[in-house]
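Sending over a structure as structure tokens; questions will come in a sec.
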Amino acid sequence: MPETIIKVDLTQSPYENDMVHNRWHPDIPMVAWVKPGEDFVIETYDWTGGFIKNNDSAEDVRDIDLSIVHFLSGPIGVEGAEPGDLLVVDLLDVGAKPESLWGFNGFFSKKNGGGFLTDHFPQAQKSIWDIEGMFTRSRHVPGVSFAGLIHPGLIGCLPDHKLLETWNRREVDFIATNPTRVPPLANPPFAATAHMGRLAGEAKATAAATGARTVPPREHGGNCDIKDLSRGSKIYFPVYVPGAGLSMGDLHFSQGDGEITFCGAIEMAGWLHLKVDIIKDGVAKYGIRNPIFKPSPITPNYRDYLIFEGISVDEWGGQHYLDVHVAYRQACLNAINYLTKFGYTPAQAYAILGTAPVQGHISGVVDIPNACATLWLPTEIFDFDINPGNAGPQKMITGDIDVPLAPDL
Amino acid sequence: MPETIIKVDLTQSPYENDMVHNRWHPDIPMVAWVKPGEDFVIETYDWTGGFIKNNDSAEDVRDIDLSIVHFLSGPIGVEGAEPGDLLVVDLLDVGAKPESLWGFNGFFSKKNGGGFLTDHFPQAQKSIWDIEGMFTRSRHVPGVSFAGLIHPGLIGCLPDHKLLETWNRREVDFIATNPTRVPPLANPPFAATAHMGRLAGEAKATAAATGARTVPPREHGGNCDIKDLSRGSKIYFPVYVPGAGLSMGDLHFSQGDGEITFCGAIEMAGWLHLKVDIIKDGVAKYGIRNPIFKPSPITPNYRDYLIFEGISVDEWGGQHYLDVHVAYRQACLNAINYLTKFGYTPAQAYAILGTAPVQGHISGVVDIPNACATLWLPTEIFDFDINPGNAGPQKMITGDIDVPLAPDL
Amino acid sequence: MPETIIKVDLTQSPYENDMVHNRWHPDIPMVAWVKPGEDFVIETYDWTGGFIKNNDSAEDVRDIDLSIVHFLSGPIGVEGAEPGDLLVVDLLDVGAKPESLWGFNGFFSKKNGGGFLTDHFPQAQKSIWDIEGMFTRSRHVPGVSFAGLIHPGLIGCLPDHKLLETWNRREVDFIATNPTRVPPLANPPFAATAHMGRLAGEAKATAAATGARTVPPREHGGNCDIKDLSRGSKIYFPVYVPGAGLSMGDLHFSQGDGEITFCGAIEMAGWLHLKVDIIKDGVAKYGIRNPIFKPSPITPNYRDYLIFEGISVDEWGGQHYLDVHVAYRQACLNAINYLTKFGYTPAQAYAILGTAPVQGHISGVVDIPNACATLWLPTEIFDFDINPGNAGPQKMITGDIDVPLAPDL
Amino acid sequence: MPETIIKVDLTQSPYENDMVHNRWHPDIPMVAWVKPGEDFVIETYDWTGGFIKNNDSAEDVRDIDLSIVHFLSGPIGVEGAEPGDLLVVDLLDVGAKPESLWGFNGFFSKKNGGGFLTDHFPQAQKSIWDIEGMFTRSRHVPGVSFAGLIHPGLIGCLPDHKLLETWNRREVDFIATNPTRVPPLANPPFAATAHMGRLAGEAKATAAATGARTVPPREHGGNCDIKDLSRGSKIYFPVYVPGAGLSMGDLHFSQGDGEITFCGAIEMAGWLHLKVDIIKDGVAKYGIRNPIFKPSPITPNYRDYLIFEGISVDEWGGQHYLDVHVAYRQACLNAINYLTKFGYTPAQAYAILGTAPVQGHISGVVDIPNACATLWLPTEIFDFDINPGNAGPQKMITGDIDVPLAPDL
């Protein structure tokens, strides 16, 4: 039985667990060391550290202080790893904590983080998804269930000081271009809620002042939210500091491409079973700038899709130049509108696109002025037939249930 | 044997074939009528109407007048189709013309259209791909071969006058925001090279003056360049004019997501075997704004991928806000750099990404400020192993061959 | 365009085409020579040489003289191929003759060949399947259509004299154990209907007297009827005679595992696009006794199956020892019975199992005394839902159409 | 968290656990009751109840008393289930016991059970496979690892008295046709080692005298050893007694089609997470004789196979009539011989075929006199390339390790 080198107690605040941190900084001390070739287990909190509850109110989604996220387990030192190496991580398995077989999905209030479709869903909403073995189903979104494509939303190695400075300068400068925007353009360092792991005293205060927020994906990987980086996959991470310092968290039971609901996928507390190895000097040998990975041999095999197209003309008629973000938003809005014909509320449809294994493809990015993006919705996840036909759509969903909403105060 | 209702002679100029057109306009007369439930065959030119030749010079790619594209076969009238209906099109099969078993891929000069990576590849280059049954291989790009995911890059129904006006106003206004840009923001109507099918005389002149260019994908579908809209798939198109007026062309033997090389995928002349049907009033019943489709049950099954990540920090360090276009460009540049370690020139690597069935996924679009996109490169298409390992990359490609380049004059 | 090195004229008797033969014998002269690395096209008759017609009567299936089959195109000489080499054959593509876009399926009378379920279907029956692009549908079997997994039922190299003698002795001795059995245990050489290609005169008579019948699969491959040896696959054949002598025919548009209807799959005339190469001394190097092959990267992706189990207790209660043949027959009978609940006649259900891409798995062969076999029926090929449910099966097929039957005379 | 309604303690003899039984008999009392729609967890012993150990000796495989198997957990009563209903079982998940992350594979001595290739491997041998997350690897079989396709080898409902009598009469009569055969034709009831669950006293003795052995698959399912009946699949079982009486065990981490090594797949102790439901009168409605099932949406996606053919001519030249058992044996022997060219011992190669997700297809069963079977070996499970090529096979396996063998005493 592999050793569990990081444990988390879901009844305890993550701030009290010194094997957890919520900022990126090279000075955060390793909490455990492993050898290349070893396999081991790590437990993690959900990304909010337990703030979001399994209930029927979205008030917690509305009220959360987003400066506290993400609670990561680590950093783990790998013996012999040096800057310039590639750290090879096998995600041997990932799962939910047995005492916590559920996850949440939600949309933040536009005033508190927003999300991909925040102009259409400006208020906080939340759905709860029960995990039944390899499958999930929600009491707030009837008529749909699917197999989990379980993955860590966030995983990567500690940056060195130089990389950290690059990040901070880049993002702080960017915020300065529109500092009052709601939601903001980016999140600067914020010491008040920083959890710097085993750093203490002055060293902690110093590091907390410049520790990079965990929200965006960056050169080291980090919060990539790639649904296919799932259990069974193999990842090659650039190493920046001696020992690598691998940290991870933000586990998802399932997510659609884009994580368009932002809060988030089906978010859960859980564990990862990992094996690590090293390719010496791999960064230069292979010309690696961002992590690369190989997919799992075991993934859900849904193959009957209904595919929605979107182009970079926005929902108000505005023309954008080869903008895939706008094009994918149109494809998502098209899919939501389609699903409402079967009785779903827009919020339920949005929750499905955020949680189910939908694919988002960059289909065309050169045909000026319009990008084309496609959203692939697996039809097999529905309890009824959603294909178009001569009879027209049947209202299979009665509308007496919806995703709980918490109005802004 | 199904009837071939539109024939093309590749030795003849497409301007001499009155069953072909290269602009979108509701007044273009139907060239043939079919009944719902019927299946039939249509032949098409390659998108340039034969301008690009099977040789080892990129001068034709450099010199092409892009105002002549795309040469489409149609429009086909479907009996009983009315505005508001959905036209259901089964792509029963698609193939190359037997006398023309090759295709081309290229990058335009930045002065003449450019492309996704035009800042990195500013000059015209061209590769030729031989079609051997279900597979292709290029004398300009050694060490790689793959099965074709054959599809029409461009297919859709005629717009009505109102929709046409929306397009023209939207795009002309957009061009006006930066009229001297190279490459341009969009392409306005251009009568000089318009081919309006069977329209003649004054009617032709009038329509040519406002006929929409065929370059961008739009509400009706059009030049979507979706690689998965392949033979065997089923598409639901909005109908705008009586009879629908279905036209198509721009056949691709294979393409990567994004068609990042712009000129283009593996471009070929060929034929389509189609069946059409109608869902009455389907646009309103299903809330359709853009076409939707279902994938083919027969597609290449490559599943061992090497996946490259990109984030919306550009190659010069610039920060962009959740910009998937920038993120995908980084993923592409990362993959190109990786492939050069095995001996490919950057141009060869770029050509592989434009032609092979690579997937481009919108992985994360909410984690401010960085979008995350992934490029999935199937490893099985290479004659050698491209996976990372302790031994480092082997230079399997000797570098004595490259993709022909034609310098700007 | 690859050269067509063997042509067939479907309006001509195959006996008049000297590039065709219907027996295996080392003395049959090569009809064409190709070089390793070359690709070329071969045309073939359907296995009966045109005897079975596209009509609504099964009399031809009842009356056929089975000693005439199979009409093979070849043998093709490969320069440099010697006994002990492996001949590598790439099936670049396979298709139907454009002037003959249909195929047939049938069950022989028990008196004339029978078939897997001849005790249940003792009379001749026939269904016609129309080929519509990549798909097929039958006017005799409503409610079902599927993509073709096109393949040659029969392909292999000429035996040498020693191997031929082994075959003849083995099978003649076997017939002698029960010479009056109906259907027979095997088919001995039969000169009267032999077509020995370009052999003539005495040489022909001598060879015809001992030429092996083409019915069974043997060491060289031959009539394996493996549905997955489809277009796009790569096969490694043992070579027995100088030049290899590759012959093939018996094209199938689609077939279920087992080819249980015997007459046969969806049988058609067509063409193959091939490329050949040689692995010198490959038989000994790799210890090859029978051909081996790699599957195509392009195949139908049906994945939602209803799976029927069968065990080696026969339909009359008899116990058999680990007999997979009996077990698979039970699985087939179970599937047929199930399909009748939706309105199909047993003959229609049998035809579906013979033609659609059903899988037959050897599931357990060690749990004495019962083997377990499974039949995988893809649910997606039906126009309606065949899954079990609380509502019970709906009679979607009205029963006014059946597979034509020709009573024994 | 679902309730675990049957627990097993691996340190305790299964004979001491009254929620376990090793015979089929209608009188075995239910050990727990569940409601339709409920999900719950069941733990199981490995099929030998812990007799086979994680060590490097095959003596336990040689010495085991096979009359003790299989130790099943159950029977479970389902409220409302009546004879003639279909019991719908969702295998929500299946896994190994966390304290026992390993499994065994072996071949029995020909004197004690034998196996599919017992004439070639007449002595007891054993390999141990470590479970690392979703993957497995063996210290006795280097160079190969694969993802688990976890499944219960044995699952089914209690027979009623009439069905039990049919079984006993059928098999006892069969044994009588050759009572001294080694291995035997079948296994008769055997009271001495019977574990009848909660039956006690005279009732136990009576039932033990006629309780059917658990070895063969039968009408109710039972020991089908179908690798694809894996976690995530849905099964429809005929119900024979009030409450159904569902029992299961014999968990496999992975198995090849046929379970040709007999002892067995990768055998392990573990748990199942199940949900049950009922289709009233489903047996008659759907004409069900044996269980039917639908595959899991999550399974290993290996798709690059090397496929070996076998025909029904045995390894000594003997001719058999359409015998799939013989044909599959030849395909297996061909694959074993091929793998030895890369350095594997025959026993290691045999162990790979018994444990890895190889497919066994019934390819042709009508071409008299030869059946054709194919064995599909996934190439991706090997650490090196096993495809044929001009360079010939490389001896990647050095031969200093083998599968432990215990000679007959």
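General observations
We call the chains A, B, C and D, going by the order they appear; numbering starts again at 1 in every chain.
Going forward, a contact is a pair of C-beta atoms (placed from the backbone, for glycine too) under 8 Å apart; a residue touches a chain by one contact, two chains touch by 3 or more.
Going by UniProt, the chains are A, B, C, D = Formamidase.
Computed from a prediction, not measured in an experiment: that's the story for all the values here.
Considering the contact criterion stated above, the chains in touch with subunit C (Formamidase) and with subunit D (Formamidase) alike are A, B.
Counting C-beta pairs in contact across B-D and across B-C shows that the higher total falls to B-C. Our note on geometry: subunit A (Formamidase) versus subunit B (Formamidase), Cα centroid distance of 32 Å, whole angstroms. The centroid of the Cα atoms in subunit B (Formamidase) and the matching centroid in subunit C (Formamidase) are 39 Å apart. Separating the centre of subunit B (Formamidase) from that of subunit D (Formamidase), both taken as means of CA atoms, is a distance of 51 Å. Residue positions of subunit C (Formamidase) touching 2 or more other chains, listed in rising order: 301, 303-304, 380.
Only residues 1-2, 39, 90-93, 98-99, 101, 132-135, 146-147, 231-232, 273, 275, 296-302, 380 of subunit D (Formamidase) touch subunit A (Formamidase) when the two sit together in their complex. On the side of subunit A (Formamidase), the complex with subunit B (Formamidase) involves touching residues 86, 88, 115-116, 166, 170-171, 173-174, 183-187, 215-219, 221, 223-228, 236, 257-262, 264, 279-280, 282, 285-295, 303-311, 313, 317, 319, 321-325, 328, 330-331, 334, 337-338, 340-341, 359-374, 376, 387-390, 392-393. Contact residues on subunit C (Formamidase) toward subunit A (Formamidase) in their complex (touch as defined above): 301, 303-304, 380, 385.
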